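Below are two complexes that have chain A in common, paired first with chain B and then with chain C.
Moving on to the complex of A and B:
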């Protein structure tokens, strides 16, 4: 067995190596070493490695012993790219933010890399065992990252809530996995699919198992009514961690949702419009879109508004998954494109929020942003692109993300058309709170004597913003290439 | 005894854990409830391993669950300690700094 045999999982190995090396470097290096840069470089290298394998025709090989648990398919490679890019950009943001606020410690970057590794394992997991291990590797890192600023009451409270609810959901998911193993006699998703499709699975156990798996996964995606942890932990965590959670952790959860629902339960009967899992996702999606958007309306903190907006975006993603019963490959590719577009847009929005504040003068509420667009036009401009993309305005990535997801729902026909209509209406509601950011930036002046946010100076944050803005605009003007990747990943997964 | 007996035991354990998590307001007890739920999963896995005994996937799975439960308790207790240092209490009703 040579090293070439492991090419299929090389991005994972790269990250493990980088994480271990970083721990050593951190132990022996002096202060102010460029750990953020090393972390971002390792994550971008992982993205480049996965991306190069994705665009080349041949799929890389991996030993059967590995692929039994971790897929080395195009879907996995695509999520590698998304998670590594999201993680790398978050590491750059952290490099600026943590230093500005005097919080920089080496363990942050180690945790970031290992959490990204867990997310990639989860996105590739094709066995109940590796789903559980990936989920926990990712979540334990994420709990610790939320609690990172451990002297802040808000951070620790957010972490406590996230940890308690997260492990409760993980326990439910695990019980579901155990029941599914009992119902089918398999822990691998392919074997489960065979048994379920043949109708040999114990029906009561299988349905119970699917419900419990769905609860656990809906929690991780942040779908209503399992979203309670999202605003609290997103608000409590330092902003680079919020960014990372809203992109990488969410992307991995979407990946495993696709693998379980469309993969293991992808047969005709399980996906059926009225008796399968489709109506459940349908309802979850409605609740998530409506609640996420309405709750975001009521926020006075921009960070918390973006947290609720990420709940709303989970709803749009679920629209695509609900449409998979009719237009399988297209719906999945729309979801993949959406996740990629959402990743760069969200990094841009959160990154701009980071850039707008400096030590002691953090930008949190709308009022903090008042007039900042006129005082600091260069710093405010990326914020405008970010919120427009989250809103779904052309020519940004967010527009095509929403367009593909909703057109998948329309093509699926039947009640799914109403889901698309509702999605468009919900996005209309979203216009209010996204445009409110722009209104405050450019058309309001701070009140007399009010503390104003002062933008920070950081080459790292600027680099992350330039990179994400570039891809937001590029995916909005020339989405073709990215959609091709999403389609090839989805169709190779479905066949 | 058949598999059903073990499953019933597991369901009861899981129910006690879930009820404890949802009703108790002490975070340490909630953490213990979660551990109880994880252990009920082990009972399910071992019971089903008797039915599908070809390759003992269930037993292997249970080992991983035990290991992960320990890691989870370590991280969870660390977060609880950090919380207690700030708040001097571990009652969930007092955790209301962040809302709406």
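Moving on to the complex of A and C:
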């Protein structure tokens, strides 16, 4: 067995190696100034590795023993790219943010890499066991990352909430897995699919199992009504961690949602519009879009607003998944594109928020942004692109993503068209709170005596912003290549 | 022949906007000159379009390039008689509005120039796009710069007005996006491939029920933009708060995009629905005429008065459009240009007096004809154009619209309703004279009652320069409309006859299907033994 045989999982191996190496470097070097760069570089290398395999014609090889648990398919590679890019950009943001606020410690980056690794495992998992393993690897790292600023009561509160609810959700998911095994006699998703499609699964057990799996995964995605942890832990965590959670952790959860719902339960009866899981996702997406957008309206903290907006975006993603019952591959590719577009847009928005503050005064609320567009035009500009993309204004990645998802819903026809109508109306609500950022940046001045946040000077943050802004615009104007990736990943997954 | 004329037309503002973005903030003088220069180049480029041959219906200067191949989205642009004059209006009014702005805008010059160039790009793009996706992109692209122009450089309540403007427009257009997707999906199911190309989608005929819903979604987006009563409430806010340049562009060009959207997209794609819902919209338009006129009459703020007069004038245009005959539609198309010119000029004049006096209240003026004779002259001429005095452009447009609506009483349903609507709209012309002359009276006639007004200076060179081209247009269109009408009439004729064919086909069908419009036209002509174009309104056009 040569090294080439492991090409299929090489991005995972690369990250494990990088994580271990980082631990050693952190232990033995007093000067740990450039850990952020090393972390980002390893994650980007992972993305490049996965990306190069994605664009090359044939799939890379991997031993059967591995692929039984961790798929080495295009879907997995695509999520590798998304998670690594999201993680790498978050590492760059952390490099600027942690140093500026005097929080930099080596373990942060080690945790970040291993959490990203866990997310990638989860995104590739094709067995109930590996799903749980990936979920826990990712979640443990994420709990620790949220609690990273241990002196802050908010961070601890957020982490405890996340941990308690997360463990609960994981337990439910595990219970669901056990029931599913009982119902089908399989732990691998392919085997489960066969049994379910043949109608040999115990119907009551299978439905119960599916419901439990859905609860666990909806929690990780942050869908209403399982979103309770999102605002607190997003707000309590240091902003680079919030960024990472909202992009990489969410992406992995979406991946496993696709694998379980469209994969294992992808037969016609299970996906049926009236009797399968589709109506459940349908209702979840309505609740998530409506609640996420309305709750975001009421926030006075930009960070919390972005937390609720990430809930709302989970709703749009669910619209795409719900459309899979009718237009399978198209809907899945729409979801994939949406996740990628959302990743770069969200990094841009959170990164801009990070950039607006510096030591002593972090920019958190709308008031902190007042007048910044006049005082620091260069620093404010990326924020505008970021929120416009999240809002879905052309020509940005966010617009094309929304267009794609809603187009899947319209193609699915029937009640899905009305879901699309509701979705666009809900996203219209988003105009108010996203524009509020621009209002404060350009049309307000800080009040007398208010402490003014000064943008930080960090080449790392600037690099992350330039990269993400580039992709936000590029995916909006020239989406062709990324569409092809999404389509090929989705269609190879569906066949 | 691909001359890339239209691509250049889009490229110039786009590139200029980027150049402005890169210029140092402190070079204010250069930024002002450069942005005006770029818009003048744009104006010259656009004049080329006028000299093409529009005697045959169809698109000219067409360019097509695949953009997102897997979705059938393409960069397809072209002009015809319907969009030609709107493009020219845009390229003419943009430099005027910007030039006038440079008199009063003193902060953040760079951002202002950038927004204006981006706005021009969005407007032109929306007028020349022949691909629904491309149209939507440009349609949304206009929103952000206008939002910034109102919100950053506007008056006291600018943030409220800007957000209201943005949200109204965006919510309307989001539903249109879903409707576009529905049309494209239906087309794909029949043709086997995706396409957003308007000409390809025009071969699709949908049954009545989906047409109603889809037309409503489109109509909401466009009616908000027009703005049609009862969706007009954003307009007075936006106008009053916007800086002069923003108001000029908003009134002169942005509102026209609503009407243009109807005639280019909503009506051809959903003829059955527009035939049924159209009279309702025309009725709301008539209501808007009366309501806008009355609201204008009671305003004490001159700018608000002009804003409500826009609601009234746009009502006329809706009436002419949904009269669905050559005279009415030509009149509506011409009146769009007229309204752009006269209301644009009125906002310039309001801005001029506001810069001097920092007030727009009618009560603060009186007797200005003595102090500012040239200003008074310009104002009165533009007022005459706005109320449609014979010899000015407004007369031609309003007359054609009323004639068209009157003809409609016999050609489409609701006969007596059209009669009443025409009658009411005609009284709107009188109301217009009442509120505008009332304003003129209060401002210019009588004695100078306020001592602050005694020392006001007359129009300066900048203001005269920006008004003169508009004044010339007022008389050109007023005295020789043939030049303008001749270029749009073939397009209007073919619009009407295509519409009729697609209307009958849509009425007949219960299943979506694709048609060959030329073949159907021949069949229908043979069946009826006469030409499709309604012969009775040949006379009314003159």
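The rule we apply is simple: the second predicted complex is superposed on the first by the 493 of 495 C-alpha atoms of A that agree within 3 Å, B and C clash if a C-alpha of one lies under 4 Å from a C-alpha of the other, contacts with A are read in each partner's own complex, and residues count from 1 in each chain.
The definition used in the following text is that contacts are C-beta pairs under 8 Å (C-beta built on N, C-alpha and C of every residue); 3 or more make two chains touch, one makes a residue touch a chain.
Here the structure is a predicted model, which means the values were calculated and not measured.
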Contacts of A:232 with chain B and chain C, given as first, second, both or neither: first
Touched partner set for A:175, first chain B, second chain C, both or neither: first
Touching partner for A:393 - first (chain B), second (chain C), both, neither: second
Chain B versus chain C as contact partner of A:442, first or second or both or neither: second
Which of chain B and chain C A:466 touches, first, second, both or neither: neither
Partner chain in contact with A:160 - chain B first, chain C second, else both or neither: first
Partner, of chain C and chain B, that touches more residues belonging to chain A: B
Shared chain A surface residues [contacts with chain B and with chain C]: none
Of all residues in chain A, those that touch chain C in their complex: 374, 377, 388, 393-395, 399, 403, 406-407, 410-411, 413, 417, 420-421, 424-425, 427-428, 431-432, 435, 438-439, 442-444, 479-480, 483-484, 487
Residue ranges of chain A in contact with chain B within the complex: 128-129, 132-133, 136, 140, 143-144, 147, 150-151, 153-154, 156-161, 163-164, 167-168, 170-172, 174-175, 177-179, 181-182, 185-187, 231-232, 235-236, 298-299
Chain B residues touching chain A - in the complex, by the definition given at the top: 7, 14, 17-18, 21, 27, 30-31, 34, 37-38, 40-41, 44-45, 47-48, 51-52, 54, 57-58, 60-61, 64-65, 68, 71-72, 75-76, 78-80, 82-83, 86-87, 92, 95, 97-100
Residues of chain C touching chain A in the complex: 25, 68-71, 108, 111, 136-137, 140-141, 143-144, 147-148, 151-152, 158-159, 162-163, 166-167, 170-171, 174-175, 177-178, 181-182, 184-185, 188
